[in-house]
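Structures follow.
Each of the next two complexes has subunit A plus one more chain, namely subunit B in the first and subunit C in the second.
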Partner chain A sequence: MKKVLIVDDSETVRTQVGRALIDAGFEVVGAGDGMEGLQQAQKSKFSLVLLDINMPRMGGLELLDRLKAEDQTKHVPVLVLTTEVQESMIDRAKKAGAAGWIVKPVKMALLVAAVTKVAA
Partner chain B sequence: MTNRSTIDTIIQGAVVDLFHSLEIASAPLAPASGQALREQPDLAAFVHFNAAAGSGVLCLGCPLSVVQLAEKASYTALAKEDWIRELMNQLMGRVKKRFLQFGVHLNASLPSPASKQFIDRHGVSLHSKTYNFRTIRGSVVVVLDAQIDDRQFAYCGAVQLRDEGDIILF
Partner chain C sequence: MIEDIELTRRVASMTAEACRELFDAYGVALEPATTEWHTDHERMLCGVIGFVGSGVRGSCVLAGHDTPILRSCPEGDQVRDWVGELTNQLAGRIKSKFLKHSIEIGLSTPVGLSGVALQPLPRNELKPTCFSALGGTVLVWVEVDAEPSFEFSEHPTAEVGHAEGEIVLF
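And now, the complex of A and B:
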């Protein structure tokens, strides 16, 4: 079973996205900020990381950089799920190695389809 | 703030769109300046923001009856304080996007829960404006307490910005 790490400081988002992914057959692990997300990513193997940008302690772009800098996590595809729409930020994530950018709020069926397509 | 009509349009459009995404219809009422709230919200959250054009606080509040509508639409029980903070986050995202169309880049803090005293205090502030929205199950309130220099507003028209719900695979 493919395992997805959802990193978002909103319990609401983690619950709603997690439920949709579980219904689609994924195993899901949640983390409430970038620091916790990094620890989870180092602890076990994920098929995909879904991360928010604006979070306490460690934001999503820093987490993306950290994931791509480590041998253990650099091949895990990362999708960004955020309210941010600035092209400069999207370009920054693309250059850092993200697999895609999703603007909140998103229809769960479309999000699940994107995760299914991108998950390793 | 003197460019009220532009800012009013930004705030009202963002709120109506936000609640539409939750399958809740909301109708904006006439904004009021520096007045105490007509109804106290059960749940509220706020963000601080700043930009070259100014800075301020944006608060969002709603009654539990509106939360129940959202629960019905999402088929899930919501962690209410977290939900209102996430809603504030999504509202700020929409407001930021609309300001970008006027060349104004807002930086916002993470959303935090707002007490009734907090939202009341900002509601009666000298620079504040209160926006009420009627829904089928009660009123949503947004308070903008900000000093924004509207002389820095320049409509950029054709700026290509991503929409809510967009999925971009690289």
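And now, the complex of A and C:
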């Protein structure tokens, strides 16, 4: 079963996205900020990381950089799920190796389809 | 930076528009309130977020009765968490509207609170914007400071690349 790491400081978002992915046959692990997300990603193998940008302790762009800098996690596809629409930020994520950018709020069916397509 | 009433008026108008759009995206219709904000002893929820850009900074408060906030919640019953996330999404929409004027702002992480008899005390004559919704009221309140040299173009000119709900795969 493919395993997805959801990194978002909103428990509501983690629950909503997690439930949709579980219904689609994924195993899901949640993390409440970038620091916790990094620890989870180092601890087990994921098929995809879904991360928010604006989070306490460590934001999503820093987490993306850290994931892409480590041998263990650099090949794991990363999708960004955020309210941010700033082109410079999207370009920054693309250059850092993100696989895609999703703007909140999003229909769960579309999000699940994107995760299914991108998950390694 | 100093308080700028005209700028605050414009940002408040953008924020009110963003608030209606946001609730609409979650299936909750907001209508302009016909009466002023009044408090009662029902529990209320409140989210607070800050923003800052070159020559400008401010804060945004989203507050409301449980019912309209909960009706917008897609999952679960963590209402304080949800009002924080909703405030974050509201600020994201405000940020998009700033970007249309080619102004970039950064956002703080939001804080969610609950309480009774929440009563704003604005520092000027601009009152927060109130909306009526099924089951209660919703309020948005912004305060903005700016450098005297800060300029906000009269009409938005820049294109913002992506819309809500959009998925871009690289």
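Operating definition for what follows: the second predicted complex is superposed on the first by the 120 of 120 C-alpha atoms of A that agree within 3 Å, B and C clash if a C-alpha of one lies under 4 Å from a C-alpha of the other, contacts with A are read in each partner's own complex, and residues count from 1 in each chain.
Quick note on the criterion: a residue touches a chain if its C-beta (ideal position, glycine included) is under 8 Å from a C-beta of that chain, and two chains touch if they have at least 3 such contacts.
Note that the structure is a prediction, hence the values are computed from the model and not measured.
Shared-chain residue A:74: touches no atom of subunit B or subunit C.
In the superposition on chain A, A:43 makes contact with neither subunit B nor subunit C. Annotation: subunit A residues 9-13, 15-16, 19, 54-56, 82-87, 90, 94, 98-107, 110-111, 114, 117-118 touch subunit B in one complex and subunit C in the other. Residues of subunit A touching subunit C in their complex: 9-13, 15-16, 19, 54-56, 82-88, 90, 94, 98-107, 110-111, 114, 117-118.
Every residue of subunit B that touches subunit A in the complex is listed here, in rising order: 21, 74, 76, 78-79, 82-83, 85-86, 89-90, 92-94, 96-97, 100, 108, 110, 160-170.
Touching subunit A in their complex are the following residues of subunit C: 25-26, 73-76, 78, 81-82, 84-85, 88-89, 91-93, 95-96, 99, 104, 107, 109, 160-170.
Within the complex formed with subunit B, the subunit A residues making contact are 9-13, 15-16, 19, 54-56, 82-87, 90, 94, 98-107, 110-111, 114, 117-118.
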